[in-house]
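My questions all concern the structure below.
By letter and in written order, the chains are A, B, C and D; residue numbering begins at 1 in each of them.
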Amino acid sequence: MNAAWLPPMALSTSLLAAVVIFALPENAWRWRTGVNLGAALVKLTLVVLLGYRVVEGHRDTFRFPVVEGIDFVLRADALGMMFAGLSSLLWLCTTLYAIGYLEGSPNRKRFFGFFSLCVGSTLGIALAGNLFTFLIFYEMLTLSTYPLVVHRGTPKALDAGRVYLRYTLAGGTVLLLGVVLLYSLAGEHSFALEGSGLEVFLPDYRGLLLLIFALLVGGLAVKAAMVPVHGWLPRAMVAPAPVSALLHAVAVVKAGAFGILRVVYDVFGIELSVELGMTTVLAVAASITIVYGSLRALAQEELKSRLAFSTISQVSYIVLGISLFGPFGTIAALTHLLHQGLMKVTLFFCAGNYAEELGIHRIDELNGAGRRMPLTSLAFTVGALGMIGLPPVAGFITKWYLGMGAVQAGMPWVIVVLVAVSMLNAMYFLPILYRLWFRLGPAHGHGAWPEERRLGHMETSAWLLWPMVATALLSLGAGLFAAMPFSPLGWATAVALGDYLP
Amino acid sequence: MNATPPLFDLLLALGLTALALGCLFDRHLVRACIVFVGFALSMALAWWQLGAPWLALAEFSLGAGLTGCSLFYALGILPPGSPLPPRRDWFREPFRQAAIRAVLALAWMGMIGTALRHSVPVMAYSPIQQPLLLAGVAMSALGLGAFALHRHLLRRLLAFNVLGSGVFLLLAGLTGTVAQAQALIITGLGVAWLGTLLGAMLIRRLYHLQGAKALISDNESLRQKRSGP
Amino acid sequence: MMLPDTLTSSALWFNSLLGLALLWPLLLSIKVMWRHVAAGDQGVVQYLNGWWLSAAWPALGLVLVGNGQWILDGWILGGQWELTALSRAWLMFTALLWALAALHARGYFAHEQAEANAGDTAARRRLLRLAVLWPLTLTGNILLIVAQDIASFYLGFSLMTFAAYALVIHDESQRAVLGAHVYLIMAVLGEGMVLGGFLWVAGEAQVLTLEGLREGIAQAPHGVAIAALLWGGFGIKAGVIGLHVWLPLAHPVAPAPASAVLSGAMIKAGLLGWLNVLPLGNSLLSEGFLRLGQLIMVVGLLAAFGAAIYGVMQRHPKAVLAYSSISQMGMMTTLVATGLTAPDNWHLVWPALVLFVAHHALAKGALFMGTSISEHLPAWPLTLMWALLALPGLSLAGTLGAGMVSKWGFKSALYDNEQTTLIWLLSLAAIGTAALVSVALWRQWQQRQVGKGNGWQLYAWLATLGLALITPVWLPLPAESMPFPPFAEWPGLVWPLPLGVLAAGLVLTLWTPRPFIVPTGDLWWLYAALGRAGANVYGAMVHRLFITKASIVTRALAMETLLMKRLEQLLASDAWMRRHASGLMMALAVGLVALLAWENIPS
Amino acid sequence: MSMRFGLVESSQMVLPLTYPALWVALCLPCLLGVLGAWLRPQRTWPILLAGLPLVASGIVLLMIVEQYGLQRWQLEWGKLTVQLRLNGLSVLLLLLTQGLGLVAALYTPGELRHADPAQRSLERWLWPLLGILISSLSLIWVAADLLTLYVALELMGLSAVAMLLLPGKVEALVAGIRYLLLALVGSLMYLLGVALILGHWDRLDLAGLVQVVEAGPVAWTAAALLGAGLALKAALFPLHAWLAPVHGNAWVPVSALHAALVIKASLFILLQLWSVLIPDSIFAAQLVAWLGVIAIFWGGGLAWRAVELKSLVAYSTVAQMGYLMVVFPLLLGPGISASVQVLAWQGFWLYLVGHALAKAAMFLAAGNLILATGKTSLQGLVGASRQLPLSLLAFGVASVSLIGLPPSAGFTAKWLLLRAMVMQAQWAWVAALLLGTLLSAAYVFRVFRYSFVETSPHYAFRALPPWLDGLALGLALASLLLGLFAYGPLNLLQGDR
């Protein structure tokens, strides 16, 4: 039984929400909040339903022809549902957070409208059943994110927006070329095919296949912020905190990483990728990105830019996992897709809370913030420890599987990278924790906060607090109960063993 | 085959070419317009000669009468008492520009001539046989060259009209006076008059709004205004 | 090796007690936080109250229940918690030490509590931090002992490591901050090495349990390298020479009860790590492991002697004791190494080692607590006091009580294998121990103060002391593995003591170098200098890259401006095209014809 | 190629019920225009009501074509024969014309209400001119002989010029007279080409010409003359320069119609005639394509540096026409495989239609922005994102299609074209298309950059009736959705219909 209506319906929740939000007047705060939350909940429900059906063995597919021989396909498969679940869940959290974060600021209608579009595109990316459909939503994501990046309207924000567009549109164009070449070579190619079907071209078109692979992955790497095409990401930090959270944890960088997953596993197939020798290249590129991102993060003095460079480093773990041939590498990549999302979103929520409540932007202003904002600081601690890869936070699980995958794929040098980066992560996160908890600051009567506002009777407004606590608990839970059947790890293992590998 | 061309045709062709030259390159605008009316009358004669009395009538009324009136309206002569724009065009193109136009016009003539040579077999043997066709070629080339060269709007309007006449003549010469050709020429004449009328009104309006300077198209002051960083 | 359960216990009973042992400290730390929050900014809270003191008691109860196993399927990567003969004994002395140290802490921090009650916010903050993180550290320690799966073990290890940072930094003095930072840096380094080793072996052997890991290492192609990596990683915690630098810097600055658990329980976790991951007693080991064992042995002996020689020149009694710990750990390292060099004998060595470790834990705990006693001497006879203070030292040197038993234990185990050189070397090292203890006592004597003592502090110390001396009595090891030395062997065990005391006396009287010649933390200063130099080089490189990048950016911007100018000049010719549209049209037509003709001319 | 234009001789009977629909489609606009001049509607609903039968006629024709395929009519009028044909392509363009015409008409009252009263003296004339324009455009799509095409072309040209002149500003007049003169000369070129054809082959019906035309100097010269004249009218590079000033100064619905349809009509005729006259020439098509490549960058560069909003939109038209020019070598010439030609054909028309919708939407949106801000420059848009979200959204959606980002018609068309180019291994065109995409993104996003500025002082904005924005947004969305739902329209474009 094919419930074709389910995928488009899940997709349309956020698109409809965007339309309704655009139609509502600017000051209809209650209505907008209601629509936002209602849509997020409905979408989450639908995605859970889809996921349930995927577990039951259904692959709900919705398709119609766009032009001769090319279909628009929305298809719920296990891999897509991982990403869809992540985006729906974090959309809910981020929406709640954003409602609190933007309270009283101008242009909220625009913000939430594009926010919904952005998440809608992300879901579209997750559900896309072929490269053509993927490309559609991928570019939609670029466009709907631009207004969010320049939301503040300051010259800095506008410049960041320009840089963002330069990178992503150029990347999108490269991707487009790759997709066109692939379609010209092999025709319509659904993600659903067993095996890649491209092996037949290997003897005659090796060079072309290599070129297509390079174009596809190169185009996607822009959004995944791999070195040397990462430059947009730290600049995009001028956006409001929920946007940064969304960009970094769910939407944009993940879209790139998810795209690489699709290309390597579903378009080329991992065997063909190995055969082409591209996985080693990918592993080296990812390792360079990981180390470079961490080194740069070490030198940052702003909290958000440190987190941004940390993202550059962390997202490439996914790519690294992809490039490690074998089930463990795959599991690591898939798991990290979710884990990194949870942890990073927590960290950005925290950074946003510090900025909103206390006006803190620089790391050296954080002294003693743990006393003033204990829950936020606890959440930050959880996120940071996870990033370092300490158990029981979710980051450890990924690192574990990455290491196993590295040995399995015959690339033990990756372990050196992993350990070195863990140390680097510790070097740039532990000093923050030290400042939060052990240094004396304004909360102890030394100096004053840059710009203190009392947003709620707790340490800050409840809108800002609870989503963050929820994501922190989730990232803790994802690590603590990783061996449970429907944990991210469990799901990733099912996907990796059931769907992709011989 | 008759080796000598009909004398009247020859004379008419020469006269048309001369009148076209006169109206195109006379800097005195009133004089040029008067010459143009003469040119249009000769055209009517040519249509008569080609056996298309309806076309002659149309040319007489539309080409000579209404177009002439439109031109004089543009010059402020009709209706009496209108403001009078300067009667002479003092603007001079650099020599190089003129030379390029001349070369283009010659190339143009060559191109049309080659096509005619293939299309009308007679032309290959004795080009003189069809003097009106040749006049059409010359007029269209002259008209186009002048149109490209001149900047004064009225003179461009004149050049366009001469070009049109040349094209009509070519058409008639190539096809004879079949119904389709007549329909095309009548439409063309009507459009040419409408265009001239519109142009004349525009010239008057522009002169009214901006003065004599505005009548020189694409002069520096306007260009400066349009181009920006 | 497995012992019969001392109590017949159902799995449920075991599991719930194990859960309680782990959760109880967590709950207590939440409770403290809650009470602090509930009391508000001005409220008075007794942080180290009776509840808090009970943190380690469920773990003690667990030991009494006996061996057992609890498999948790959903836990991290699949949990397997177990009390084996080894871990049961280990948990016993660890929990005991934690419980006693907590009692001691109640007295030790009474003064600070009073300040907090008087409204000193700094004292409140410090006490709250201690009260919250102490149970957390304990949880980590318990977890790493009971864990038989890698993830839980690593979790416990890291939890203990990072939470203990708060214990070291407690008084927030400059030296405490330095000590804490050194501790943390070395800990992170250790975590990294351990993680690397774990990942490697997990990938090679695809195992999740420690038992599988030991077998995996023995068979893996790069087993020796992995073993070396893991040995180094845990060695940082266990104070292997070269990696020991945090010990002498962190111990003196930490509060006495914290030093007691640090030195007594936590550095033993490193040793437990070795026992858990190294393929000790596996008779099918490759040649490489033998070499590794020899290397470890050499390093251990180096620590045993080097630390002793360096330690006697220290001034702070706790620093001396820290060096003593390093020296003792060196001896234990040597014993561990025999598991690799002489695997057949390992079944005899390990109970002796555990006894040694347990005794050392309690005795060292007593010694560290003693340093706080000597600062607040009660009104008891001085000789009695000094005798009591010296007791654990004497025991450590192997002259009486449990120390003698344990020394005899491993001596006899080694005798069976005829490793006489090793025995002789270890006896020689005992001289060092004796000397160090003597110096520590002397330094305590020099810095003694009277009064302001507290009953909790004193009685906890006495209890620790007493329990240390009778370790074999309560340690849940088979009695036959803890034989009491026959009388004839006594001189052979006692002789290092007088030599040690003599050596100490000589050093103290003849040559006491200035502190800057023998700085506490020895190699740390070298490492720090090297690290700083490396950081400088890196910084210079980065700076140069930064300058290069900036100049490239400037140049690119200049180029862009220039290009824009050119582009605008070019685009200005659009007006030219407007002017010449008709001419262009003519040219286009002529050109098209020419092109069409050219195309169709037969070549 | 000429097959695809429906230029086939067939003796198929014409369904009688097509006549009324055809006459309504061709004549009703003129009648309505006269009515409009008389009544001068100030509200939208009468216009909507009047436009319904028109659109209905288009839909009836669509259904007929879908059902029965190609339709041909021969109207005898004295010695003259007027040939008309209706295939999938022409009915598609007819519908597009009617729709855009209706939207432009709906927009007009709003535009006039807010226009400078000094410029409204001639507003009465707008309605009949609009009517003539739409009628003549409809005629162009269906005309199948050169005479009818000439008449329709002249009608369209003159009415377009007149409409552009109506505001009466000096700039409009200067631009208008230039346009007038060039358009007239262009028509004469066309006429000259027709003269050569008529003189040589003695017939004007295209279907017949397909049979008799053979390569030779006459065909070449005729093709060159027609090509040059129509290129001038279609504003193909390098004859494009008159376009921007014309658009910059006209009324908004007029600019919209002009950019969307008028110049496209000339291109339509150009391609149709070339497919008849020089179906096997590579070089001419290559020349056009190379000029198109230059146009993409030239127009893009000009739009990128533009100061005025409307000139940005106008210059972008130049660049977009360049994309269409680039397709020529894939449509004309020997040795193009059928699959490539199908892709290129579909891509060409999809791009044309998508661009027409998007460009019209963009002009309307730009007009809204200019009306509301009272400023014509990009600088004047500062703060618009807060005050005029809907106008800006319409502009944004239209620009998505213009840039060719998914899921717009521009994207789908570009996709088809890219595939055709890749299959034909025309890498230069591929590069031009992709780089052009980036360039168009660069100039379009300048608008947004200004509109998102929040730090500058805010100007007072005039409130606009929401239906003005609604019209722009509707067109933009149509262009966007056409990309996703292109299957039906493209099916219609196949040659057998």
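Methods note: a residue touches a chain if its C-beta (ideal position, glycine included) is under 8 Å from a C-beta of that chain, and two chains touch if they have at least 3 such contacts.
By chain, UniProt protein names: A = Monovalent cation/H+ antiporter subunit D family protein; D = NADH-ubiquinone oxidoreductase.
Every value quoted in this text rests on a predicted model; they were computed, and no experiment measured them.
Novice: Sort out for me whether B-D or B-C is joined by the greater number of C-beta contact pairs.
Specialist: B-D is joined by more C-beta pairs in contact.
Novice: Report the chain ID whose CA centroid sits closest to the centroid of the full protein CA set.
Specialist: A
Novice: Taking the mean of the CA coordinates per chain, how far is subunit B from subunit C in Å?
Specialist: Each chain reduced to its C-alpha mean, subunit B and subunit C end up 102 Å apart.
Novice: Using mean CA coordinates as chain centres, what's the subunit B-subunit D distance in Å?
Specialist: 31
Novice: When the centre of a chain is set as the mean of its C-alpha atoms, what distance in Å lies between subunit C and subunit D?
Specialist: Those two chain centres are 77 Å apart.
Novice: When the centre of a chain is set as the mean of its C-alpha atoms, what distance in Å lies between subunit A and subunit D?
Specialist: 42
Novice: I need the residues of subunit C touching at least two other chains; which ones are they?
Specialist: Expected reply: 568, 574-575, 578, 582, 586, 589-590, 593.
Novice: Residue numbers in subunit D touching 2 or more other chains?
Specialist: 178, 181, 185, 217, 220-221, 224, 245, 305
Novice: Using the touch rule from the top of the page, what residues of subunit A touch 2 or more other chains?
Specialist: Subunit A, residues with two or more chain partners: not present.
Novice: In the complex formed with subunit D, which residues of subunit C make contact?
Specialist: Spelled out, the residues of subunit C in touch with subunit D are 567-568, 570-571, 574-575, 577-578, 581-582, 584-586, 588-593, 595-600.
Novice: Which residues of subunit C touch subunit A once you look at their complex with the stated criterion?
Specialist: These residues of subunit C touch subunit A: 73-79, 121-122, 125, 129, 151, 154-155, 158, 162, 166, 169, 172, 184, 188-189, 191-193, 195-196, 198-200, 202-204, 206, 222, 542.
Novice: For subunit D, which residues count as touching subunit A in their complex?
Specialist: Per the touch definition, subunit D meets subunit A at residues 342, 346, 385-386, 389-390, 393, 396, 400, 405-407, 411-412, 415-416, 418-419, 422-423, 430, 434, 437-438, 441, 445, 448-449, 452-455, 483-487, 490.
Novice: Taking the complex as given, what residues does subunit B use to touch subunit D?
Specialist: 111-112, 114-115, 117-120, 140, 144, 147, 153, 156-157, 160, 163-164, 167-168, 170-171, 174-175, 178-181, 183-184, 187-188, 191-192, 194-195, 198-199, 202-203, 205-206, 209-210, 214, 217-218, 222, 225-226, 228-229
Novice: List the residues on subunit B that touch subunit C in their complex, please.
Specialist: Answer in residue numbers: 100-101, 104-105, 107-108, 111, 114, 144, 147-148, 217-218, 223, 226-227, 229.
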